[in-house]
Each structure stands twice: as structure tokens, then as C-alpha cells.
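Shared between the two complexes below is chain A, which pairs with chain B and chain C, respectively.
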Partner chain A sequence: MTRHIVGPFNRVEGDLELGLDIEAGVVTAARVTAPTYRGFEQILVGRPALDALAIAPRICGICSVSQSIAAATALRAIAGIVPPPNGVLAANIAHAAENIADHLTHFAVFFMPDFTRRAYAGRAWYEAAVAAFAAHTGRASADILPARARLLHILGAVAGKWPHSLAFQPGGTTRALDLGARMRLSGIVEEFARCFEASVLGVAVDVLLELATPEALAAYAEETAGLLPLFLRMAADTGCDALGPGPGPLMSFGAYPSGDGPLFPAGVYEEGVGASPLDASTITEDPSHAWMAGKPTHPAAGDTRPDADKTSGYSFAKAPRLAGRPVEVGAIARQAIAGQPLIRTLLARDGGSRVTSRIVGRMLEVARLIGAMRGWIGALDANGPYCADGPARFPDGAGSGLIEAARGSLGHWVEVKSGRIARYQIVAPTTWNFSPRDEGGVPGPLEQALAGLDVGEAGAEAVAVQHIVRSFDPCMVCTAH
Partner chain B sequence: MAVTETFYDVIRRQGISRRSFVKFCNLTAASLGLGPLAATQMAEALETKPRTPVIWMHGLECTCCSESFIRSAHPLAKDIILSMLSLDYDDTIMAAAGHQAEAILVETKEKYKGQYILAVEGNPPLNEDGMFCIDGGKPFVEKLKWMAEDASAIIAWGACASWGCVQAAKPNPTQATPIDKVIRNKPIIKVPGCPPIAEVMTGVVTYITTFGRLPELDRQGRPKMFYSQRIHDKCYRRPHFDAGQFVESWDDDNARKGYCLYKMGCKGPTTYNACSTIRWNNGVSFPIQSGHGCIGCSEDGFWDQGSFYDRLTSINQFGVELNADRVGMTAAGVVGAAVAVHAAASVVKRLTTKTDA
Partner chain C sequence: MTVTGEARRQRTSMIWLQAGSCGGCTMSALETGTHGLIADLAASGIDVLWHPSLSLASGAEVLDLFDRLICGDIGLDILCVEGSILCGPNGSGRFNRLAGTMKPMMTLVRELASIAAVTVGIGSCAAYGGIPAAAPDPAEARGLGFDGTRRGGALGPDYRSRRSLPVVNVAGCAPHPGWIVETLTAIAAGLLGAEDLDAFGRPRFFADHLAHHGCSRNEFYEFKASAERPSDRGCLMEHLGCKATQAVGDCNQRRWNGSGSCTDGGSTCIACTAPGFEAVNGLQSTPKVAGIPVGLPVDMPKAWFVALAALSKSATPKRVRDNSRADRVIVPPSRPQGGR
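Up next, the complex of A and B:
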């Protein structure tokens, strides 16, 4: 057996290191390390409750709106504020824009360039892959980065500045969108939809959403020009359809609230077992293999105390568990739990989540969000309020903000005493997916997805390792915060 | 020969046309507040001078600076500047990985000794021997010092590298430390903000790589061209401040009328940045335009100055004293406690001038 260190990884958000044990060309064990820590949960304690709205989002410059909304949701729960419908809609529109932007960056800038590695030279599609996905020079960057920048004008319109927007409050959003602003939002969404359809899908959004079986998806991949069909053809040829099996359960906290419940519901889905409701009271964070002191606890009672000398630790991330089990989070989980037919049939075909289905899940989600954004913009009430008043003094209490960021379930658990933060615990999406081992030695989702991988002579350099790691779209700055 | 390669060679190799290149020079000269002659000088410099390599390193940070940068206003500017940078080293977007990437650093250090620019996003934590930010098996602070040794100048991107930012907030668990406290023998330009405005970042990097020197800096090490005015000085809501018209709660009638956010805790009067002129997301908006006050994210220590939602009680920057008193009194008549600051300022003034009071 040889032990390899892979990393530092490029093209992921933040720093990531991976330890691989390889025996006879097969990965026997993987250990994922989040090597940076800043101490947000320690810094937040003692500050005025509402200051969490400015501090907590700065955990991550990539998904800052998600962090803002989680903080606002937790504070809202404690103060008992009910935001008006406009405030919820405006936050949904901004949040969807950020999540779509994240999915696109991941696809074009982080994930796909691995198909242009020399290891694939000689494949029938190699030249097409280089033309489309070579870092910086490929067509995908040229098409998608400007489209993404224009989409993020939505954040400008709703929230003034991005990253680290300030407009998201417990009472709703601070800017009332006048008719002109709403027309601009519609224009931005339509322009984006056209670019996404022309460059990525090669078909209309509705055509993609009608595909309901792996066979229909394969036919679409063969018949269509576009970046997604190209990926699907390459994925089939390189075995990505079977690569990187997830841990089993897929989890979502539910995304994009409305009066009729969230657009993508909360829940758990496991292939072969089916759907079940989410019981957030069974969540624990286990520090046994982290450079952290303490015992496994629910985040509402947890704390974060670094212990840099702990010999059993190999990451700054604690290990989150749902009812004692590691779960996978992300677009694929949201879509599976929402009953998206193509994702359900892909999961059934493959026996659970894989590299290909994770990518397909993101692109399906972008397609669904375009329609949802049209609806939300149309539903804004010109004369209605955007922000409800909170109590004059922030009340004591505890609450949680359980939401979905692009990469999966994000939870903020907050306790306020005498107007000040007494406890603040955060569990981010990649904390779930890139969790270290727990007390029982059970590896996290990525660690499980890599175990058993046949790397052959390439060893730790195998491109498959890169595909699997990036298929989860890790955000390491969130993971340990 | 790679050594004599110019930026223009690189830009053309990336498939960017001569016409686009000239447009870029004009655009950049304009955004830097330089005259039309500067566009010609810039074009000439980029065509004739050997290109300056830029190494972009990440310490303890949240990647918001990179996020801001890659969405800079003009797609053309982004393409050209990214093609300048991508040649070398950037953790987040570069094509190279692992050992290959480390090799680029070694090569740059040797080949461009004393010539390359080191751009740093984030900062090094010093507690536990630097162990809270490990990069390639070594504490980031070591990698930073090692790369800084042979750099010609250092760009400190954002509030983290410039001042410490929120990870340095009390109790600063990791002892996150700004760059200039660790590197003391190199010119450092601070480009604060959380994140800095994209156009400010591209302007700074273009100026340095084009002219081979840092732009004029203020006493705190910030480029004067972008940080010499307060948000308040050029805020489009300023007339409402002067008229004593204030928002009292989020989305109230006054908010819809676009009144001043001072009472909601706006830090615009004490914050030096270009948000109210350049604005954000391609000039679309900025925080005050979205109905929320400025939190002063480009100022040193903004994270430990009391609540972001408390109103400032220490502003004292009216150019004309008479003006301050008059504004204070008029507004006090209209909105009562709203102008406690001005009233307080006036009292201080009286106490200091009339010692027998």
C-alpha cells in the first residue's frame, strides 16, 4: 500500500487536500482535508444579533447570498418576524441568480477543463473538448463567463453589491423594486435563458425538462450540438456514469420558500428506499477526526473550539451526520427529493448518485430556475411592502436558518441573549459532502466515493480522481469556516 | 524568447484583435482618470516592454476578491487582463495543478527575480505556527514570505490582505494578520474593500503591469485615484442628508423616496472608496442604492467598530463649520433626534471656544 497526497487542488473554491491509500492500482481509503480555518463561530459570539447579517456572509465570497439568507432566516425565527411576499420573492430571485451563476462557473471553469487533459488525447472527442473547455481559451468560458456576469446584474438590482450583499434582512429585503427595476430583471432573465439554451443546452429549456429517461437523455446527447450534450457523450465514453458513487441518502433542507411551501421541498431520498421527511433534530456534528475539541452534538447545542495538536484529527471540518449517517447534498439531492423524473431514473439506473448525474442535476436545476424566476418577477406586487418591521429590541431566543445553497444544505443555528449572539453554529454544504470520518470511523461522502476506485498505473494522478472530487463542486472556504 | 515576450504578443496569441487591444487601452486610461495621451503610452508600453508576470496567491480568505475581479465591467478588459494573469499562477482558476503549479512559482522566482508582481488575496494566520492555513503542506505565511523575497511589488487585495478583515475580528482566533505586518521590505499597495470593486482591481493591476510602477498612494498605502473620496462625498442621497431627510426603518415611505440612510447606520460619511461613483456589478448599483447603508468595508477595523446598524456618532467632516451648525439645527427641527451627531458636534465646538460657559 502506498499513501499519496493529492493537492493543493486548483479549480476548487478554497484550499483542499486529499490523502489516498492505493493498493494494486485501487484506492483503498481516502481522507479529505480542509486545511484552513478562520473562526467565524468564535468571532460572532458577543456581537449584536443583527451584525450576523454582515459578518456571517463573509464566510464565503462565492455563495454569500446563501449565507445572508441563512442568517436572516435564523434571526427571523428568533424574532418572530413574518416577511411580506415581495421580500420573499425578491430574495428568491437574487438567491436563484447566485445559485445559477455557481452552477455555471462550476460547469465551465472548474469541472469541464479536466476533459482537456493530455490523458484523453486521442479520444474521438478530444479536439472538440479542447475547443470547448480548455481553461481560459475554450468556447465555454467565452460564452458563459459574460452571461454569468450579466445574470449577476440581478444582484446589483436587488441587493446593490455582490458578493457580500446587505439587502437581506429578517423582515425581507431593503429595496422596493419599482416597475423599471422589474422590467430590467425580466430582460436579464430572458437574455440569460437565450444564452443558456444556445450555448449549453442546444435545445429550449422545456425540451430538456421533458426528457424523462436515461435513453431519452442519450438520444438528446447524440443528436444535439451544445456543451451539455458534448459532456454527456464524453461522460459515457469515460465511464463517468458509473464513477464516484455517493453514500446513499440524499438530503435537502428545502429551497425557495413561498406561501405554498418551497419550490424544492425538504426531505431525504435514498435509491431503493424512497423518500422520507427530514428530521433536522437528528443532525449532529462530530469532531472526533477534526482538529476540534468536543463530542458529537446537535449544532443548536454545539461549539467550535480548535485543537491544533489533536492527533486523531486530519481536517478543520467536523463530520456532520443525519441520524448518525453521512448524507450527500447538492442539486442532485434537491432534484431527487422534488421528484424530477430524469434524475429519479438516472439514480435508479446507476443505483445512486454518480459523477454524471450530479452534473445533470445542476443543469436541470438551472433550467427549472429560469421558469421559476419568470414567475417570481411576475408575482411582485408593485404596491406591496418589501420589508416588515422587527421588534424594537431584539428578543432572546434560539432559532435556525435551514436553507439550500448551490452546493447543498446550509444551516445556521443561532442563540441570542440580551440582544447579543450567545451561540452561532454553521454547517455548510461541503462540510456534509467532504466530511471527515466520524466516531465510528465511517468515512464522509467524498471519501466513500473515492474508495474502490480503479486508478490503474496512473495512481493518484488518475483523471478520475479529479472528476469525482469536482463532481461535488466543493467550496472549501465554507467547509471549515 | 519567453523573456522578451511583451503583453501585446500574449494578447494577440490569445486571439484578441488589434482593434480590441486599442479599445482596451482607451477604456483603461479613462477608468484610471488618465488623459487620452495615456492610452497611447499604455499601448506603446504593452507593445514594447517585456511583460511583467503576476502571481496571485490565496491565504485565509473567502475568494470574494477573485469573484469580484473575474466579473470586471468590460468583458474585453476581463479577457485581456485574464490573459495577462493566466500565464502564471492563480490557485482558483489556473490550468496547472499540484506539483506543476508549484514548479511555476519556482521558475518565476528564478527567471523574473525582482521583476514579478505578487498579488495576495487573504492573509496569513500566525497562531499555532501558521497551522490554520496550510497550503501544499506548509503554512501559508512561509509561502508568502518566500514568494515576496523576489517580487518587485506586492498588491494586497481586499480588506483581508490590507487590514485583516472579519477573520481578524475580536477575538481573532487564528491571529489573522495583514500582509504589511509580515512583509516589511517591499512596496505594498493596498486595495481594500470586501471585496474591492472589480474596476478598481483591474485598474490597479493594469496600471502596475503597464507602467512598471505603483500608482500614487495615500498615507495608508491606497491608490489615490480610487480612495481619495468618501462614499458620502459623491452619494446620490447626499442632498437628503443635507436636508435632514432620513429613512427611519427598512422600506418605509422615506426609503421609497430615496432618503438618506444615515440613521440606519450608514458608514458612508467615514468610508473612503469609489462605490458611489464607479458602483458595483458593472455600474448597476451599490449598497446604498439598494436601500441599505454602507458598512465601511474598505476601512481598517470596520469589523470591530460597534454595530453595523448603529448610527455614526463621531462624524465631523463638514468643510464649513457654519454649514454644520445650520444643517444640524434645521434638521433637528424636522426630525428631532435624527441629528444628534450634528448637535453634539456643535456642543463640542461651543465648549472648546467658550471656556467660561
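Up next, the complex of A and C:
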């Protein structure tokens, strides 16, 4: 057995290091390291409660609206504030814009360029892959980056700017959208939908959403020109459909609230077991293999004390567990729990999440969000308020903000005493997916997805390693914060 | 005259590193242009050797590139650093190790800064330390050339790049994509000198302005008709912590994400271009002594401000007062009866 250390591992938002034990061309064990620690949870403690709205989003420049909404939701729970419907809708519209932008940035800029690696030269699709997905110069970047920038104009209208805005408050949002602004939002969504359909899907959004079986998806991939069909053909040829098995349970905290419940519900789904409700009281964070002091606890009682000298540690990320088990989070989890037919049948075919189904989950989610955004923009009440008043003095108490970022479940657990933050614990999506081992030695989801991988003579340099890691769309800056 | 006969300008090489960063400056930079960041930089003569979010090379390929830059095989014109330099724990830099190596990012940044023609701090973290440097400064976060307002960050107080420039600080959290790209293209064109930077290393083309200039709430400011709650249209300075009258940046003279700006969106200005902005507690409330905001507009004597505020409050039109406390215009501008 030889142990390989892989890094810097780029195109993952932040830095990542992998330790791979390889024996006879097969990965026998993987260890994932979050090598950077800034200390946001320590910085938040002691500050006035509302400062969380300025500090927490700056954990992550790619999901800052998610961090804002998690912080606002936790403070809202403590202060007992109920935002008016317009405030909820405007936040949903902004949040969906960020999440779509993230899914597309991941697809075009972070994930797909690995198909242009020299290891694939000679494949029938190689020239097409280079033209479409070459880093810096591919057609995908040229199409999608400007479309993404234009989509983010939604954030300019709703929140002033992106990333990092104080527009997401416990009471709602801070900018009322007049008729002109609402029309601009509609125009941006329609322009984006056209680009997404023309460049990525090659079909109308509704056509994609009608695909309900792996066979229908394969037929679409064969018959259609577009970046997603090209990916699907390459994925089938390179074995991505079976690559990178997840740990089993998929989890969502529920996304995009409304009076009728969230658009994508909270819950747990496990292939072969089925759907079950989420019990957030069974969440623990386990620092046994982190460079952190402490014992496994629920985040509402947790703390963060870095110990870079701890010999049993190999990451600055703690290990989150749901009822003692590692779970996978992300678009595939949200769509599985929401009962999306194609995702359910892909999970059934493969026996759980894989590289291809993770990518498909994101694209299906983008397609569904386009329709949802149209509905939310149309539902804005021309005469309604956007932000409810809060109490004059911020009350003492504890609360949580459990939401979904693009990459999966994001939780903020907050305690306020005498107007100041007494505890602030954050468990981010990639903390779940790229968790280190727990005290029972159970590896995290990525660690499990890499174990057993046949890397052949390429060893740690195998492209499959890159595909598996990036299929989770990791955000390392969130992971250890 | 056509440009076809002009000598082809020399290309400029650039590398971008992320240290203790949130990645938001890269996300902002990606909003630029009609063909994507890399293509737009290339059109201005800048070749991006490697960017952690955008480039193909990973692992050993990247470490080899760093080695070749440091030994001089490949010339480095522009070094961009995004994120605070994390020097902790105890000055070791182990809170931000370059993955795949035992080398602290702090060390790599120093090595590359020593050979770069120009070093650019992208964002307030790389410039001054930023949010990670907020108390209790858990990771010993420093800027490249500053530790908060004090000269001498991770590169030391006397640092000068090969082109004899101090660190160029594209401050902001996150900076406007235009600030980033225009700074880089000005460097590539050889047009950015020490005289083009302010005392904190910020390019003066955006730093000679105040965020307040061009604010859509200016009429409310003039009359001290103030927002009292988030989403009120009034001026955010008197009660909600807005520092736009003190913070540098042409924030309200260009648009953010198409149509926005912080103050336009009701997102109070927290002076994110200023060294040490993270030290302020209570970012959404205005500290006052005897009812007078402690932080007054730049260059304004206190007595003047008090007198003008009292005068303008007494003269505030009903329209302005009523609209300042609403989330939309409830009293439109109108002329007296018989007017046009």
C-alpha cells in the first residue's frame, strides 16, 4: 500500500487536500482535508446579534445569500419576527438566482474541464469536449459566464449587490420592488431561460422535466445538441454513471419557504429504504478527527476550539452526523426527497447517488427553479410590505436557521444573551459531504465515494478522482469556515 | 491612423492565489465583461497562468508552475492575492497550508511577491486583513501590506514589488468587478504608478470618491429625513449605521449587478473599502453622543453638521419626510396647483 497526498485541488471553491491509500491500483481508503481555518464562529461570538447579517455571509462568496438567509432565519426564530409574503418571495427570487448561478458555474467552470484532460485524448468526443469545456477558452465559459452575470442582475435589483449584502433581514428584505423592477426581474429570468435552453439543454425546460426514466435520458442525450447531452454521452462512455457511490442517506432541510410549505421539502431519502422525515435534533458534530478540541455534540450546544497540534486530526472540518450516520446533501438530495421522477429512477438504477446523477440533479433543479421564479415574481403584491418591524431590543434566546444552499443543507445555530451572540455554530453543505471520520472511524461521504475506486496505473492522478471529488460541487471555504 | 502598424504590446503574465478567502472577489470578478473574465483580460494583454477557480491544472502541475515562477523560468508580472494571509497559530501559518505540501500559504505568497513586478491585494482581506481579522482574530489574519490601518502586513512595511510599487489594494468586500479588472488592465498597460494610489494603496480612480457620491437617497440626506427601519427609503446614516459619507469608493457612480448599489438596495454601507471596517460592533446602528452621530461625514466640522442638520430638519418638505419612513414613494413630487 502507498499513501498519496493530492493537492492543491483546485476548482473547488477554496483549497482541498486528499490522502489516498492505493493498493494494486485500487483506492483502499481516502482522507479528505480542509486545510484552511479562518474562525468565523469565534468572530461572531460577542458581537451584537444583527452583526451576524454582515459577518456570516462573508464566510462564502459563492453562497453568500444562503449564509445571509440562514443567519436571518435563526435571528427571526429568536426574535419571533414573521416576514411579510413579499419579503419571503423576494428572498426566494434572490436565493434561486444565486443557486442557479452556482449550479451553472460548477457545471461549466469547475466540473466539466476535467473531460478535456489529455488522458481522454483519442476518445471519439475529445475534440468536442475541448471546444466546449476547455478551461479559460471553452464555449461553455463563453456562453455561461455572461449569462450568469446577467442572471445575477436579479441580486442588484433585490439586494443592491452580490456577493455580500445586508438586504436579507429577519423582517424580510430591504428594497421594495416597484413595477419597473418586477418587469426587469421577469425579463432577466426569460433571457436566462432562453440561454439555458439553447446552450445547456438543447431542448425546452419543460421537455427536460418530462424525462422520467434513465432510458428517456439516454435517448435525449443521443438525439440532442447541447452541453448537457454532450456531458451525458461522455459520462456514459467514461463510466461516470456508476462512479462515486454516495453513503446512502440523502438529506435536505427544505428549500424556498412559502405559506404552503417549502418548494422542495425537508426530509431524508435512502434508496431501498424510502423517504422519512428529518429529525434535526439528532444532528451531531464530531471533532474526533478534526484539528478541533471537544466531544461530539448537537450544534446548539457546540463550540469551536481549534487545535492544530492534535495528532488524531486531519482536517479543520468537524464530522457532522444525522442520527450517527454520514449523509449526502445537495441538489440530488433535494430532488430525491421532492420525488422528482428522473432522479428517483436514476437512484433506483444505480443503487444510490453517483457522479452522473449528481450533475443531472443540478440541471433538473435549475429547470424547476426557472418555473418557480416566474411564479414568485408574479406573486409579488404591488401594495404589500417587504420587511416587518423587529423588537426595539433584540431578545435573549436560541434558534436555528436550517436552509438549503446550492450545495446542500446549511445550518446556523445561534444563541443570544444580553443582545450579543453567545454561541454561533455553522454546519455547511460541504461539511456534511467532505466530512472526516467520526469517533467510530466511519468515513465521510466523499471518503466513502472514493474507497474502492479502480485507479489503475494512473494512481492518484486518475481523472476519475477529479470527477468524483467535483461531482459533489465542494465549497471548501464553507466547510471549515 | 490604424492600429495595424503599431508594435504589438508585450503580454503580461498573471497568477491569482486564494489565501484565507471566501472566494467572493473571484465571484465578483467573474461578473465582468461580455465574454468572461479570462477572455476579457486576454483582450487587454493579460495571460492568466493559473487561477484556482478557473484553470485546469491541479496538484503536481500547479506545484511545478509555482517552482518555475520562483526560480525565474517563467516571468511573473502580476501576482493577485485574494483573502487574508493567515499567520496563525502563533505565526506558523498552519491555519492555511497550501494543500499537497507542508508549506504555509503565507510563505508561498512571500516567495511570489518577491519576484512579481506588481503585487495586487484583491479585496479588503488581502489588503488589510478584513473580516477574518475581526476580534478575536482567531487565525492571525493580515493583509499583504497592512495589518488593519498599520503599514506592515504579511509582506512587511518596506515591501516594494519589482516595479517599485507597494501592494496595490483593490479594497472592498467584495470589490466591484470593474475596480478589479480596470486595476489589472491599467497595470498591464503600464499606466498605474505610485501616484495613482492613495495612502492605503487603493487605486485613486475609485478611492478618490466617497460611496455617498451619487447615492439615490441624497435628497433624504440633505434634509436629514432618515430611515428608521430596514426597507425605509430615507437616509441610512442617522439611525441605521450607514458610513457612505466616510467610506471611499465610486460605489454609487457605477452600478452593481446591473442596477444596484448597497445603499440603493437598503443594505447600509459598512465601509468595506476601509482598513479595520470589521472592528466596528453594531454595523447596522449609528452610534451617537447626545443625539449626534459619532462618525460625521468626511471633512465636515461637527458644529457645521449640527447646525445644518437642525436647519434642514426644520425645512424638510412633507413629501420627503413621509417618503423617508415608507418602503415606496407614498407622496409623489408635485407642483402647487396651477403649476406644470
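The rule is short, and it goes like this: the second predicted complex is superposed on the first by the 481 of 481 C-alpha atoms of A that agree within 3 Å, B and C clash if a C-alpha of one lies under 4 Å from a C-alpha of the other, contacts with A are read in each partner's own complex, and residues count from 1 in each chain.
One rule holds for everything that comes next: contacts are C-beta pairs under 8 Å (C-beta built on N, C-alpha and C of every residue); 3 or more make two chains touch, one makes a residue touch a chain.
Quick caveat: nothing in here was measured; it's all calculated off a predicted structure.
Trainee: Sharing chain A, do chain B and chain C clash or fit in the superposition?
Mentor: Chain B and chain C clash in the superposed model.
Trainee: Which partner does A:252 reach: the first (chain B), the second (chain C), both, or neither?
Mentor: Neither partner.
Trainee: With the two complexes superposed on chain A, say which partner A:288 touches: chain B (first), chain C (second), both, or neither.
Mentor: Touch partners of A:288: none, neither chain B nor chain C.
Trainee: Name the contact category of A:16: first (chain B only), second (chain C only), both, or neither.
Mentor: A:16: touches chain C, not chain B.
Trainee: What is the contact status of A:8 with respect to chain B (first) and chain C (second): first, second, both, or neither?
Mentor: both
Trainee: Which of the two partners, first being chain B and second being chain C, lies in contact with A:425: first, second, both, or neither?
Mentor: In the superposition, A:425 touches no partner, neither chain B nor chain C.
Trainee: Touch test for A:161: chain B only (first), chain C only (second), both, or neither?
Mentor: both
Trainee: Of the residues on chain A, which ones does chain B touch that chain C also touches?
Mentor: 5-11, 13-15, 17, 35-40, 42-43, 46-48, 50-51, 53-55, 58-62, 64, 109, 113, 134-137, 142, 145-146, 148-149, 152-153, 155-167, 169, 171-176, 306, 308, 316, 385-387, 389, 466, 477.
Trainee: Please name which positions on chain A make contact with chain C in the complex.
Mentor: Against chain C, chain A makes touches at 5-11, 13-17, 33, 35-40, 42-43, 46-48, 50-51, 53-55, 58-62, 64, 105, 109-110, 113-114, 116-117, 134-137, 141-142, 145-146, 148-150, 152-167, 169, 171-176, 178, 181, 184, 188, 306, 308, 316, 385-387, 389, 461, 466, 475, 477.
Trainee: How about chain A: which of its residues touch chain B in the complex?
Mentor: 5-11, 13-15, 17, 35-40, 42-43, 46-48, 50-51, 53-55, 58-62, 64, 109, 113, 134-137, 142, 145-146, 148-149, 152-153, 155-167, 169, 171-176, 306, 308, 316, 385-387, 389, 466, 477
Trainee: Would you pull the chain C residues touching chain A in the complex into a rising list?
Mentor: Touching chain A: residues 18, 20-28, 30-39, 48, 52-60, 62-63, 84, 86, 89, 92, 94-101, 105, 131-132, 134-139, 141, 173-174, 229-231, 255-268, 270, 272, 281-285, 327-328 of chain C.
Trainee: Looking at the complex, which residues from chain B come into contact with chain A?
Mentor: The touching residues are 14-15, 58, 60-68, 70-71, 75, 78-79, 82-83, 86, 91-98, 101, 125, 128, 131-137, 165-167, 169-174, 176, 194-195, 249-251, 255-256, 275, 279-282, 284-293, 295, 297, 303, 307-309.
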